[in-house]
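Reading through the structure tokens given below for one structure.
When the chains are written out, they are named A, B, C and D in that same order, and each has its own residue count from 1.
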Amino acid sequence: MTTVPAIHEADALVRRFETVRGLSLALAAPLSDADATVQSMPDASPAKWHLAHTTWFFETFVLRDHVPGYRLHHDRWPFLFNSYYEAEGARQARDARGLMTRPTLDEVRGYRAYVDAALVLALPDLPGAARALVELGCRHEEQHQELLQTDILHLLSRNPLEPALWPPAPKTPVAMPGPTGWIEGREGPVEVGHSGAGFAFDSEGPRHTVWLQPHALADRTVTNQEWFAFIDDGGYRDPRHWLSEGWAWVRSEEVEAPLYWQKRDGGWTRFGLDGRRAIDPAAPVTHVSLYEADAYAAYAGARLPTEAEWESAAAAHDPAGGNQLDAAGPVEPRPSPGGPAFFGDVWEWTGSAFRPYPGFRAVEGAVGEYNGKFMSGQFVLRGGSCATPRGHVSASYRNFFAAHQRWQFTGVRLARDL
Amino acid sequence: MTTVPAIHEADALVRRFETVRGLSLALAAPLSDADATVQSMPDASPAKWHLAHTTWFFETFVLRDHVPGYRLHHDRWPFLFNSYYEAEGARQARDARGLMTRPTLDEVRGYRAYVDAALVLALPDLPGAARALVELGCRHEEQHQELLQTDILHLLSRNPLEPALWPPAPKTPVAMPGPTGWIEGREGPVEVGHSGAGFAFDSEGPRHTVWLQPHALADRTVTNQEWFAFIDDGGYRDPRHWLSEGWAWVRSEEVEAPLYWQKRDGGWTRFGLDGRRAIDPAAPVTHVSLYEADAYAAYAGARLPTEAEWESAAAAHDPAGGNQLDAAGPVEPRPSPGGPAFFGDVWEWTGSAFRPYPGFRAVEGAVGEYNGKFMSGQFVLRGGSCATPRGHVSASYRNFFAAHQRWQFTGVRLARDL
Amino acid sequence: MTTVPAIHEADALVRRFETVRGLSLALAAPLSDADATVQSMPDASPAKWHLAHTTWFFETFVLRDHVPGYRLHHDRWPFLFNSYYEAEGARQARDARGLMTRPTLDEVRGYRAYVDAALVLALPDLPGAARALVELGCRHEEQHQELLQTDILHLLSRNPLEPALWPPAPKTPVAMPGPTGWIEGREGPVEVGHSGAGFAFDSEGPRHTVWLQPHALADRTVTNQEWFAFIDDGGYRDPRHWLSEGWAWVRSEEVEAPLYWQKRDGGWTRFGLDGRRAIDPAAPVTHVSLYEADAYAAYAGARLPTEAEWESAAAAHDPAGGNQLDAAGPVEPRPSPGGPAFFGDVWEWTGSAFRPYPGFRAVEGAVGEYNGKFMSGQFVLRGGSCATPRGHVSASYRNFFAAHQRWQFTGVRLARDL
Amino acid sequence: MTTVPAIHEADALVRRFETVRGLSLALAAPLSDADATVQSMPDASPAKWHLAHTTWFFETFVLRDHVPGYRLHHDRWPFLFNSYYEAEGARQARDARGLMTRPTLDEVRGYRAYVDAALVLALPDLPGAARALVELGCRHEEQHQELLQTDILHLLSRNPLEPALWPPAPKTPVAMPGPTGWIEGREGPVEVGHSGAGFAFDSEGPRHTVWLQPHALADRTVTNQEWFAFIDDGGYRDPRHWLSEGWAWVRSEEVEAPLYWQKRDGGWTRFGLDGRRAIDPAAPVTHVSLYEADAYAAYAGARLPTEAEWESAAAAHDPAGGNQLDAAGPVEPRPSPGGPAFFGDVWEWTGSAFRPYPGFRAVEGAVGEYNGKFMSGQFVLRGGSCATPRGHVSASYRNFFAAHQRWQFTGVRLARDL
């Protein structure tokens, strides 16, 4: 799973583990038992399930497999909280996760405490391979922290009362971004993919050479203001902009704007974790599908970047910079104060299908099911979002979703051939 | 709605109202916020929704319409908790009731308290028509009390942990019922339907004459023991017993036994509000669809009763007798101690489609949508069940469900032509 | 199947058989091989299938079962052309009938000739029971003659070219019918259902007493002119008129007018076997569902007749009168020249669910599957239509369709309580 | 559409046009009117539609747009026979193509004759751009010739009689291929994509550099014999081999073998245009999905080639060689007589998503919708099949289908990293 596992000192790894585990609880703190239980669509999971599944990961792959004498917290819970690991046996159907009103949210918190205590106790004596699994489990939990936020946002958006989970963050006025600038990319052979000592998911490697054609990338992502113009120009009604599948999707789903947008009193609003509010025209557009991103690019006479172009450009930037998640609260893309940024705010759709890199091999065993088996029917996104725990992404990080999905904080950066 | 509204003394009506309202809370007492929120299928509603919808009924048709100066508890909640009254405007889609994690169960309890206080305060001054609506609201809430139990049973049945809501009731050993006896019915003109001073739902009248052919009804309902034999004889695999729609249903749903039955260690078990337990062979079979009831009757060389035959026979029996709901707890059909009984234990499928009686006219206004508009695609059931609040049903009471539905406590009484 | 089978002289039965068989071929004469093969919806069958299935009926139940030494025309064809007789074994799925491009229409005509020759040869020596099956087969084929016409009409209606199968019939101007008159019905016990020497389908008996309440029936069916007013009055947009299932159907199917109606240049047109033409306001409305019929009745302050009311009134009329099918050609409901008529033009929806009469028992064997197993989820229609072979219907004849179906020639007669 | 249009001499182009048009008629010659009309699934089109749509292409883009005074054969037919060109206006829904029993097959043949005559007459005076469209129309028709064969095969496979369209071809005994050999591929920068004077579809260019990693390709495709072993080893029942989407597909569709395979009397058979016959173990496996191809590769410890690896290796081979379509008849993959072959027999799934090449731009106008808008949700296949008209494919040709589709002649070549 990890191409080069990170070897941690025990103390540091304990602190890392406790920090990650604590953030999950903080993100779920304002949730009621019911909020944490309901599943609003098959693509989303209940918050309670995220809290339990991430715990199951540590319990299964670290405690059960590496700690002699460890006793499962509950015999039947692995059935409930296995996500998709076929090697781990039968499990609750994905679209029926929301039927589990028991165990309660508090019982799941108890599960977390039980496993956390066992793991912190065991960690100093764990072999290196197991410590690598702890680090993997932390990374895995960070992924679910982002999903927990976007899944709960989706759930609350389906409530006619449109409840806010958090009070709104104070807004700092930011000047409207100027016209898009273009950053000329490298041409010829470049190396992409992870290598070296740091942590990476299996799909990020091996590092390998690709050949880039002459191209440029936009120096910022597309703004809400620009999206208003796309809508006003009939962008959602003109089939010439759209991929064939995208056009079928627009018509069957009656899509007219990004997800969570509604017109109220003549102006566009969006729903967020702080409720329904006016849209900031200067902020990056978000909650758009690959289809919308691709159609916008066609409308703008441009195209989406490939993942290699993106990575090649982003490698020079700080992956821990920008608007990413530092603490529980009302995340939202924000207008950029200026200067090119590649990380944070919104995941950027690329035009690249999520496929294995040359030389990719899945790890043996259940953990090996991590990414490889999802390598069909998905597009790669890059760069992290306002809901991504800071420190989680890097230039080589490959996120992926299906072309119609848009409940993540997804956005658009344009590219063009030179 | 009421053909002849019952005029109550204020004090008696207040006591009646408080009793009914109290029972709903007692039924929901063991539920967590999540238990009360999740919707396990489109046919079922969340317990919280039942608690709020019955409250909305009083708030809308009594307080809003008849109490000057009454202020709605919350402006948007009527949208959430209107069930199907088109005249009352737009409403939350039926299959999306389970997405409303807010208001919480406690907030809904607060809604109940607010409306209850207002109604008890207003009741002494209410005109007769409004008092009749209070009585109707109590009857309406009794219906939802039964649904609350069957809906929560369905939800818990979908949880792999199969949690029990209540401890099991103590079992009193009862002798196995003997062979079915046959009660000869009346022949020629008989009167059916409600008339007189008591309460009745609109669909129970007008009282009118029907002509019965020579027939007999079984003196008890079909037992689990008899159903074991039906299964063992291949009843679910022989198309000759089945209605065409029923056979299609058996095959597409892969039905092999009543709902909630599972074979464990070679014996049949059922899931109930007290968890999964062995089936009592002497008890009436329940959780069967009209299709299964009809197929069993064909297999047994009999048929289902018509609703007029049933009512004609049941009129001589005490509708408040038998195994009906007296208090919150683990309801379940029980073996009969002997003697013909027509009320309680299981709703008995009849072979009659739910259609209006001659001379039926819907009441004007929103309340008039009560039953009339459901008079297609449903079959009539009679007699009440173990989950029906005692006092709710009468010989003329018409319950109705679609032919494939079986999450209610539904059972089978045979009939035959003479 | 036949309650009292008709015993024919052999010669007369041969003539009867040949007449019926000839009409089917005439009805199909203008069809191409493709017209006769395509299935336009699961409810409809290809014309070729009708021609072959009716032949299979004679081959199976008469020749195979009663003629020693008869050799099947083709071993595999019974699999193709069995409709729904479970006792006759596996068969082509109903919704896949349109995939059978082979055998060709000409080969099916050859099948007909082969079976016809064998049957005419064998008929003089057939025992009475077999002769009764020949008569049943003729009745069965008459039913399919009507379906053949309505199924091909549906198919052609889905073709953007809207091809006409036949040239239009000459129109005789008829005065607009006056306001609806009301015929007072009988009250008290009346007998309905078939008895006596003539042919009848199993579901038409036994004859039995029913008790009618005071009521009246309209002296004619609802006209297109009246339906225009229903549409103009917003009938399709007002939920108060509709059954709950009907309202859901109107909205999900976006129904705004009877099937095959379209507004062209400001006026309503309909599609028929003679192509798309202007609607005659004086003619009976047709191609309406039970939902529409029921909603219209509610809008008109009336209700639909029960099947017993209808039969009681119709018994005095000539079932062979009115606008019924005499020969292949462009059938269509026509304005009545005057006087009450109960037969022909349009099948009249009743408010009665299709359920067995008291004392009904299915015939033993495969033929016994004829009607009984369809006795759920359907409403009864009475009186025959312009597409019903003259002589086929009687006062006791019970047709049945699901509440949403409307590709038959279905119409509306009003009733009211007195 | 053509990156570099081929300029033909008029005479040669007329001969080319007539040859192509003649082959379509020959392929359809054994079809009845019904065979040519029915649509067996939404992915397939009726043969009649293929014959008419290819004609519409010439009529619209050549005759209508470039021949002054040309009169459409029929005003409404463009609505019927436009496939997906949004710029050409509304059209018959794709899944309703099979409802058009009119025009008849003979009328469509008349349409072809009318358009052919007009085009041959006009061709000598057409400008170069229009001649390029004639060549494009011929290429387009060749694509539909392949689909016509695979669509009719699918239709006949759904007929319980399993009719053969053609007599079987004589079989030449061929020795079983030996073990797979491996051809080492080029490493480092290589050029792929079309350039130069010949014809190519828009998606084949621009020619550009890609960087290949060390790898080898199998010297032949996977055989039926090898697929028997995959089945016997439980390949269809072991989730470890499968992409997640593929595993869901296997289970929901209950896939156990390639399409058209059935076990009869203990041995595998396949259905083909010559009916159902025993499978030749030495022939390439065909009618497998991308999911199956990928799972087989995982099972075999290998992977699928990328399209660039394939093209780089295939460029040295004769694209007009191998088992491709020369004349109407019973096409089928055949055992290879020896030596590596890259063209014919089966389309080879690659692991590459169908996405635009760097610098790709869609042509302006309706013809520009040709390939670009399908560039999501599909995988690339290479090399042509036994049903591909010889001369149609080249090393740079990119075919594409969705990962679950397998009614084309699709097969598998393995690759591995070095």
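We adopt the following convention: a residue touches a chain if its C-beta (ideal position, glycine included) is under 8 Å from a C-beta of that chain, and two chains touch if they have at least 3 such contacts.
In this text, all values refer to a predicted model and were calculated from it rather than measured experimentally.
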item	value
Target chain C, source chain A, minimum contact steps	2
Touching chain A and also chain D, the following chains	none
Chain whose average C-alpha position is farthest from chain D's own	B
Inter-chain centre distance, chain B versus chain D - centres from mean C-alpha coordinates, in Å	59
Distance from chain C to chain B - Cα centre to Cα centre, in angstrom	37
Distance from chain B to chain A - Cα centre to Cα centre, in angstrom	46
Junction residues of chain D, two or more chains touched	none
Contact pairs between chains, per stated definition	A-B, A-D, B-C, C-D
Chain D-facing residues of chain C, complex	32-38, 40, 48, 76, 79-80, 92, 96, 98-105, 155-156, 158-161, 163
Of all residues in chain B, those that touch chain C in their complex	84, 86-87, 189, 208-211, 213, 215, 239-240, 242-247, 290-291, 294, 303, 306, 351-353, 355-356, 358-359, 373-377, 379, 403, 417
